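Two complexes come next, and they have one chain in common, chain A, joined by chain B in the first and chain C in the second.
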Partner chain A sequence: MFGFITGRRAPQLSKAERFAVATQLQLTWWRFRRHKLAMISGVVVLLFYGLAIAADFLATTDPHATDARTSYIAPQPIHFFDEDGAFRPYVNGLKGVRDPKTFKLIYTIDPNRRTYLQFFAPGYRYSFLGIETDIHLIGLKNPQRGDGIYILGTDLLGRDLWSRLMVATRVSLTIGLIGVSISLFLGVLLGGVSAIYGGVVDTVIQRVIEVVRSMPTIPLWLGLAAALPNSWSVMQIYFAITIIISLLAWTDLARVVRGKFLSLREEDFVMAAELAGASQGRIIFRHMLPSFASHIIAAVSLALPAMIISETSLSFLGLGLRPPAISWGILLQDAQSIQTLALAPWLLASAVPVILVILAFNFLGDGLRDAADPYG
Partner chain B sequence: MIAFLLRRLALGVMTIWLISVLSFVIIQLPPGDFVDAYIAQLASSGSSVSAEEAQAMRLQYGLGQPFYVQYGKWISRVVVGDFGESMEWRRPVTQVIGDRLWLTLLLSLGALIVTWTLALPIGIYSAVRQYSVADYIFTLVGFIGIAVPNFLMALIIMYFAFKFFGASVGGLFSAEFAMAPWSWAKAWDLAKHLPLPAVILALGGTAQLIRIMRANLLDELRRPYVVTARAKGLSETRVILKYPVRAALNPFASNIAYLFPYLVSGSIIISIVLGLPTVGPLLVKSLVAQDMFLAGTIVLLLGVLTVVGTFISDLVLMWVDPRLRHQMD
Partner chain C sequence: MTTLLEVRGLRKYFPIRKGLLRRVVGQVRAVDGVSFTIRKGETLALVGESGCGKTTVSRCILRALAPSAGAINFSIGGRTVDLAALKRRQLRPLRRHMQMVFQDPYSSLNPRMVVGDIIGEPLLINGMTDRAERRKRVAELMELVQLPAAYLNRFPHAFSGGQRQRIGIARALALNPELIVADEPVSALDVSVQAQILNLMLDLQDRLQLTYLFVAHDLSVVKHVSDRVAVMYVGRIVELAETEALYNRPLHPYTEALLSAAPTPVPGVASNRIVLEREIADPANPPPGCAFHPRCRHAQDRCRQQTPELEEVEPGRWVSCLRARELSLQGIADPA
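On to the complex of A and B.
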């Protein structure tokens, strides 16, 4: 037992012993690791946030640049190898065709032409973590006039869907994060106050939660979002929408926090701390918070997809973020009518990341919830 | 039990009051008062309002007075059924809304029924035959139901129906009935159109309920009383349906109070995608046009509808579940 003191090597711990001396964090991690789907989902979520950070780097074309001639170009898949099997990525080039009625030059994909690609190619200028640069992951090697790279095709205004999707991912994912932070703040504050003070305060807060939960949210969101002045900048609208969404979403978090507070208050270790003369602040932050932090994290990862759906729905209806802002909802707005979808079915591609991220967050939240109580 | 009902009723009244205040806030939010908006609206359509008329309107709605006075004037009109006039349609708001409110209610109720009739048997089956092929399939479908927002589901179904069957799946009526007065033939036409949007609307909630039901029933199935019942020689159906299913229903039932607002909310957005004549498209249109009396009224009516629906589902629950009745005494 005193191996460290006498200098002898510590004996190899058995599985049960390792379990007994592990910290709560380790236990949670071991429990979480067993949940394969949650692990994969965690990686997916991290990848998406990585993608959100590097959105401009991964984009190939300026997501705001419009060009009437490249309207509704079908997706151009990247070919990585030429017929000799050599690694020379290329896309099929575009061919300018004169419209017989309007004499306008229209571009379509020409299977006989090739435009070669290069990595770390120069493109439009953007700022990456404060550094001004124009390097993108993939770009055209020697761009000629009319050449373009449209991995997922283009929309009506000829904007590149792939690049727009990258930027949209950043906007939609950060709205979720900021919204959840506001909800979390409100939830922890009101849930905590409700549990600590009890009595009338508790009753009032609980009734407010019930009232908020029994209101139909979308009509209220729509009403509030529609009242935002048209003169506001993209940034102001972005924050206002985030606040509107989080205003009605804090109730679940408040319930989790209150429930955990109430059950922990009865625990022996809290009484021990009280008897030892710890202040209320110390008991809450040093003793109680660590034991329900994991539950809160789980609740947050289940609240995030709801936030993302809310923003997407609002923007989809034209009452959330407004162009020129780009978000998943705004991209899907273009795919709203069946006429458009019949003409350009690739516009539905924006639905894929939405579904993937929501699924991943749900699995991750499930895994976290199971792992949150490693002693159970 | 009476106390529980009264508490629920008080809560419902409070919710309606809060919703009415929020609706009024929504009416008030656009810059300038709505008489200005009304005058601008009239001016754009070629007619004009004299200064005296404008002054009379301002007086009528108490504009320029404190918020609570204006709210009082508005709500006392609302209570007697005068919701004001839609600026865009130049007709009383109630006329503009017409049947749409009832169609919204019908769609939400339809979705509620679909949710119950799907979630209950599937939840029971998935728990009893845990890890069977069907259980995995239902779990997978359930996760898709949770992960795909219902407007997206509507969009995708519409696209595939168009692509593979060449059919347009929108609307609640065939073209020849859309404008027709109510008749049995029209009601039948509605009954034929209702299932698809109701199922799309119900998918998310159903998926969640299946998972709740499955988890609850799995907990109950492991209890000793189930073993006892089996040991006494009861048939398997009776063992499961008579005891654990009833016990598992409780948390399932308490969720239903929040299911209805969720469905009403969802009906707005899928109505827009599928072009259903509910209040959804009207609400979005009126908000975009800043037709605030119409928008505020729709928000208010939807809120009241939800509260009443939730209250009724509470009543049904108490009638079904004797424990709830006793718990409240």
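On to the complex of A and C.
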């Protein structure tokens, strides 16, 4: 049963001693550390959440600012060194060209012009953790009219894709977190009640879970999203969508929790506590919950990517968040038509973070689950 | 000797539920009318095949399960309480008087608690809230079960099966209980470790005047530790006697078959083992008459119709067999 423990050779006594007094959390961490892919994924996930916190700081241009003249500008590479080899980052400037047919002024990249960049440059105003500021990681040094920095290019309305992607990451990742918190609460509560009370309560909750799970999700989301009033603000829609997604997602967690409760109730150490005269509360909180906390963490890390994908698909289909909100789904919505893709293929860049985050979460969840439960 | 525990007509039925509405379609009669007494300071062994209800009896006595019928009269401090009639809440103050040693030394210790907390938990629950006092008592208990007190801060995963079982015994002893119910305490251990744990239990019994209800399926273990033996078959006691008497001269054909199955310690000596034909009876649907008759080589027609009662055929010897007085059965002679 404990083959991985006894099979482990301790090279010196102090290490064996360290092992003997290691908590379950430490053991889990030691096992997790050996899972390289999961470790890397953990770092990736952390980076993404760091990016979500610092989204406005990393953005270069106001993600909502439209400018018809900068429509569909191709990604502008940042040059870090000039000819002399000195570190002087710059981007090429834009050149206004009059379209001979429409006489419209179109801005394209001019390789002969340079605009130098500056770190911690002032830009649009935003609030970071409650502090009003206008400092951004990079910005233009002495910007002139028409100058801009478009790392990933712009969309039809001339909005900077890089900046929008930063803000979208924040929205999409937090929707996942809030959604998982709600479904975790519902899942632990209903799963726990189901297991502890049993009988009719259990039967009712389990049948409800089956009904909820048997509903086709897209039509249900469609119906619920259509029911949201148009007059609601972006924030209200955001929370409504989060709740809609988590109302379906709690069922998985409820089942995990119920199963764990039922199996733990049969464990001898739980009976030993009961025979010692422990109260129901003590048994649940001191003996049962700590025993499956790690499973819950693993289940959550596997539920998060599902949440993120849900939001992205909903918004992509136009059922979730709506512009002017910015999320990965909304960014991908812009890349829906073949025509757009032919004209501005860089818009597809928004798919990259989605794929990265989902993969990272899945590997992380796998690693956590293996580390928490090496037998299952 | 005074009686510590008297079990009378204990029954535990588990409902069989089927279908969407979970309707009860039958009953598994896990324990079907079991009566016995345990005297203060003795060891009563409860033996039988797996599924005979011996574990259910022990769990009913500890009220980990609620009995369906019957009385469990427990004498504490000069008064007698019927545990079967008490509610969960009323039981809690009484729990300290009887504790359990579990079969599986792995699942019986919470892997997330250090040994000191595991042994100290019963103390904490029962009002010893002072940390230093508790630590002192835990160290005392660890010494009692021959574990170094320095292991206080270790987690169960760092211990062997035998050491874990010692921890389980220390936990059971923490509250100075009168009765210890040991549910196959050594059957999950290596044979070499079994003897150590059994000797420890016997030693503790001497020192602390403990009373044991010892549940087992291994007759050689039982012979070593118990004063009296109760043999169970499909939810009933078929024979109850002093250990020596039961081993030398069993009065029930089932006991005879069980004894013949015990391995002989002398190599080369052929054992004339009685092989029981057919399966053990289904407790959800027991055969009419004596439950053992389909497998009994001495069965007659009346065994198929008449259900035998447990009766005292000789002083201290209880048997539930219609032919107990006619049969002369084979026991195992003491190898010594």
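Criterion: the second predicted complex is superposed on the first by the 355 of 376 C-alpha atoms of A that agree within 3 Å, B and C clash if a C-alpha of one lies under 4 Å from a C-alpha of the other, contacts with A are read in each partner's own complex, and residues count from 1 in each chain.
We take it that a contact is a pair of C-beta atoms (placed from the backbone, for glycine too) under 8 Å apart; a residue touches a chain by one contact, two chains touch by 3 or more.
For clarity, every value in this text was computed on a predicted model and none was experimentally measured.
Asker: Record, for the superposition on chain A, whether partners chain B and chain C clash or fit.
Answerer: After superposition on chain A, chain B vs chain C: fit, no clash.
Asker: Look at A:L317 in the shared chain and tell me whether it touches chain B only, chain C only, both, or neither; answer first, second, both or neither.
Answerer: Touch status of A:L317: first partner only.
Asker: In the superposed arrangement, does A:L275 touch chain B (first), chain C (second), both or neither?
Answerer: Touch status of A:L275: second partner only.
Asker: Once chain A of both complexes is superposed, is A:V354 in touch with chain B (first), chain C (second), both, or neither?
Answerer: After superposing on A, A:V354 lies in contact with chain B but is clear of chain C.
Asker: What is the contact status of A:L341 with respect to chain B (first) and chain C (second): first, second, both, or neither?
Answerer: A:L341 contacts chain B only, not chain C.
Asker: In the overlaid three-chain picture, which partner chain does A:A226 touch, first (chain B) or second (chain C), both, or neither?
Answerer: It touches chain B, and chain C stays clear.
Asker: Under the superposition described above, what is the C-alpha centre angle at chain A formed with chain B and chain C, rounded in steps of 10 degrees?
Answerer: For this superposition the angle at chain A equals 80 degrees.
Asker: Of the partners chain B and chain C, which touch A:A22 in the superposed model: first, second, both, neither?
Answerer: second
Asker: Name the chain, either chain B or chain C, that contacts more residues of chain A.
Answerer: The larger set of chain A residues in touch belongs to B.
Asker: So in the superposed three-chain picture, is A:P89 touching just chain B, just chain C, both, or none of them (first/second/both/neither)?
Answerer: A:P89 sits against neither chain B nor chain C.
Asker: So after superposition, what is the minimum Cα distance from chain B to chain C, given in Å?
Answerer: Taking the overlay as described at the top, chain B lies 6 Å from chain C at its nearest C-alpha.
Asker: Which chain A residues lie in the overlap of the chain B contact set and the chain C contact set?
Answerer: Chain A residues touching both partners: none found.
Asker: Considering the complex alone, what residue numbers of chain A touch chain B?
Answerer: Residues 207, 210-211, 213-220, 222-224, 226-227, 229, 305, 309, 312-313, 316-319, 332, 335-336, 338, 341-342, 345, 348, 351, 354-355, 358-359, 362-363 of chain A touch chain B in their complex.
Asker: Show me the residue ranges of chain A that touch chain C in the complex, using the header's touch definition.
Answerer: That would be residues 1-2, 5, 19-24, 27, 203, 267-269, 271-279, 282, 287, 290-291 of chain A.
Asker: Help me check something: in the complex, which residues belonging to chain C touch chain A?
Answerer: 22, 62, 64, 92-93, 95-96, 99-100, 102-104, 106-112, 114, 121-122, 125-126, 151, 153-155, 157-158, 168, 171, 174-175
Asker: If you look only at chain B, which of its residues touch chain A in the complex?
Answerer: 11-12, 14-15, 18-19, 22-23, 26, 29-31, 143-144, 146-149, 151-152, 155-156, 158-159, 162-163, 168, 170, 257-258, 261-262, 264-266, 268-269, 272-273, 283-284, 287-288, 290, 295-296, 298-299, 302-303, 306-307, 310
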